[in-house]
Amino acid sequence: MRAVITLTTDFGLADPFAGVMKGVILNLAPKAQIIDITHQIEPQNIRQAALTLESAHSYFPKNTVHLVVVDPGVGSERRPIAVKTRTATFLGPDNGVLTSVMAPSSRVYELTKTKYFLESPSSTFHGRDVFAPAAAWVAVGTPLSRMGRKIDDPHILKFPQPAVHENTITGEIISIDRFGNLISNITSELLDPSQTEPLTLLIGRHRIRGLKAHYSQLKPGEVGCLINSWGRLEVFCREGNAKNKLKCRVGTSLTIKK
Amino acid sequence: MRAVITLTTDFGLADPFAGVMKGVILNLAPKAQIIDITHQIEPQNIRQAALTLESAHSYFPKNTVHLVVVDPGVGSERRPIAVKTRTATFLGPDNGVLTSVMAPSSRVYELTKTKYFLESPSSTFHGRDVFAPAAAWVAVGTPLSRMGRKIDDPHILKFPQPAVHENTITGEIISIDRFGNLISNITSELLDPSQTEPLTLLIGRHRIRGLKAHYSQLKPGEVGCLINSWGRLEVFCREGNAKNKLKCRVGTSLTIKK
Amino acid sequence: MRAVITLTTDFGLADPFAGVMKGVILNLAPKAQIIDITHQIEPQNIRQAALTLESAHSYFPKNTVHLVVVDPGVGSERRPIAVKTRTATFLGPDNGVLTSVMAPSSRVYELTKTKYFLESPSSTFHGRDVFAPAAAWVAVGTPLSRMGRKIDDPHILKFPQPAVHENTITGEIISIDRFGNLISNITSELLDPSQTEPLTLLIGRHRIRGLKAHYSQLKPGEVGCLINSWGRLEVFCREGNAKNKLKCRVGTSLTIKK
């Protein structure tokens, strides 16, 4: 059995940080298959890391070990934690990056046993000295109960929730992808499938009418919206860049009129 | 046998798209060795993806599975296809990205059997829902004949061909690499090896005389040309950036005088 | 035994250079585990590559094969070399990129036997044609003595050394990471651990007093210094970017007053 370990960090790819973490992992778990989810989380953007993990983790094999290191508090009293769910194990700093996997059935541990870290951990690079070795120990089968103690007060992020009224839903853009697509916090479950009238979406000065099924239903340069592959309402510009065209950013609000 | 699967996409590395495709593959083909060719094709630049694949694929082991996802028509009627050649299998949307491997001996299939896709594929991310699982099924030995039906009308891109005259060859820049080297569609076979006079190359207002054998034959900052490692005529600036120095872009024409 | 091969290059990730090197390696060493340290060394910055290797290599398993290709002299008379140390093997052009592993106990070889290269190597891409295949042959157990001849005159880079005086140490910034942290050539061994007075650091017009233990000891936006996880004196801005705030670059000098 080759364990899969995924990495999600804000370390970028120019410095050797991510490569060195992989070296540390391979010392302890030589058969691990290490997969990058991304190393391009904006520096210290805990929310973006939490959303990325939420989107990605369920597509990996059972028992995958997911490591998230976006860690502005490295070296302080913030705890290193691990979360065991029914399908996988997650490691990261206790700053909210693991919020999306904190289900009632999840067991949460503070990693306290320093024998599962590198010797003399630095105070500025726990990705290398604490989390990479701990992830490798998990990957080779070490139970979390041996690596630390159960806790019941992990740090939980609060994400902005859409406001649902009788005739409107108001949400906001929570992420923007490489193509400039604007991804909102309005999920498909909030939309009434029995509604026969096409919805109207207002964003900035723009008014978009009706949900499309896929990008190619518009002409190049036109702006529309659809439910995307993660189940979220998304504003797009066919073969263009909706972010630039609509001058939006993370946090821009949008309203659906039924 | 560990199958090799390569990925060439325009998904970038900031979003979790490429990582999630790898998760899907490892669910179905846990021993696959997944290699990134690049995820930084310009958004929706089918030509650039086709050229990248053409350069890269022959350096991989026999029976490698090459997956190319640059897919502006995702969700529309465009077909997902697979091409079996003597040495490898290639998967991608039927939009021309696989043009370079459409040899007469290649067999081309439309992937029609949805049991080889994820359940309920989205209409915006076939990289994850259609192509990654299909590539994994190929990697574990599923014959293409079981995954779809043979077709004989795949979409073929036409690339600009150099114009060869008695005393001149006129071509154009088809790609520019990280170093600013300008790579043309003039290949070494078009140049007469018996010619004793050094050639003259005209590009914009610049005149370059003679082919070099390697970069270090010029002084830092000087501009020259050579036959590069892919067999193409390339204009370079030693320890500098020819793209910036000559103000060129993809499509800029160049002429050789014999 | 799966050999680990690391790659450190200036090839970037947009072009297929790194992917193709991996294809060549997997042809010859199908079980190799290939790990990217980085492909984003500044084009032709030999010093940056040498420093990156110095930081990274010791975190990898014993017998790892480290390949460094930053090679402005590709195709010229510069030699391809390999260095065998007590723990690992290193390959690269003989231009100083391997300086940090040239210990007295290291054995250095010029790679001369072309049977360990691809046939008819190009003069512009030895990463693919010379170094990738040679690294794969090393990874499968080929002794360096069979691949070339011992040499005792490898090219060694001289790095700027800090000037240590009775009451001051003057060094310089040698690298800047993704977070804008300024990393100096002043190492922890140069600082007197018995000193009870906090040190004063001068950089540009800024004066910083005292070493911190970790980033979170400052308020967001404040500038401080600490000994970082590689044992070097580093100037940082908490949850900000010291490079931008202090307008520094590689080469900027800094002085410690005891």
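Labels A, B and C are assigned to the chains in the order they are written; within every chain, residues are numbered from 1.
Note that in this section a contact is a pair of C-beta atoms (placed from the backbone, for glycine too) under 8 Å apart; a residue touches a chain by one contact, two chains touch by 3 or more.
Quick caveat, the model's predicted, so the values are computed rather than measured.
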| item | value |
| --- | --- |
| Pairwise touch network: line, ring, star, complete, or other | complete |
| Between subunit A and its twin subunit C, rotation from the CA superposition, multiple of 5 degrees | 120 |
| Inter-centroid spacing, subunit B versus subunit A (mean Cα positions, whole Å) | 31 |
| Touching two or more other chains - residues of subunit A | 13 |
| Contact set on subunit A toward subunit C in their complex | 10-20, 22-24, 26-27, 30-31, 34, 43-44, 72-76, 78, 122-125, 128-129 |
| Subunit A residues touching subunit B - in the complex, by the definition given at the top | 2, 4, 6, 8, 13, 33, 35-40, 52, 55-56, 59-61, 64, 177-179, 213-217, 226, 228-229, 234, 239, 241 |
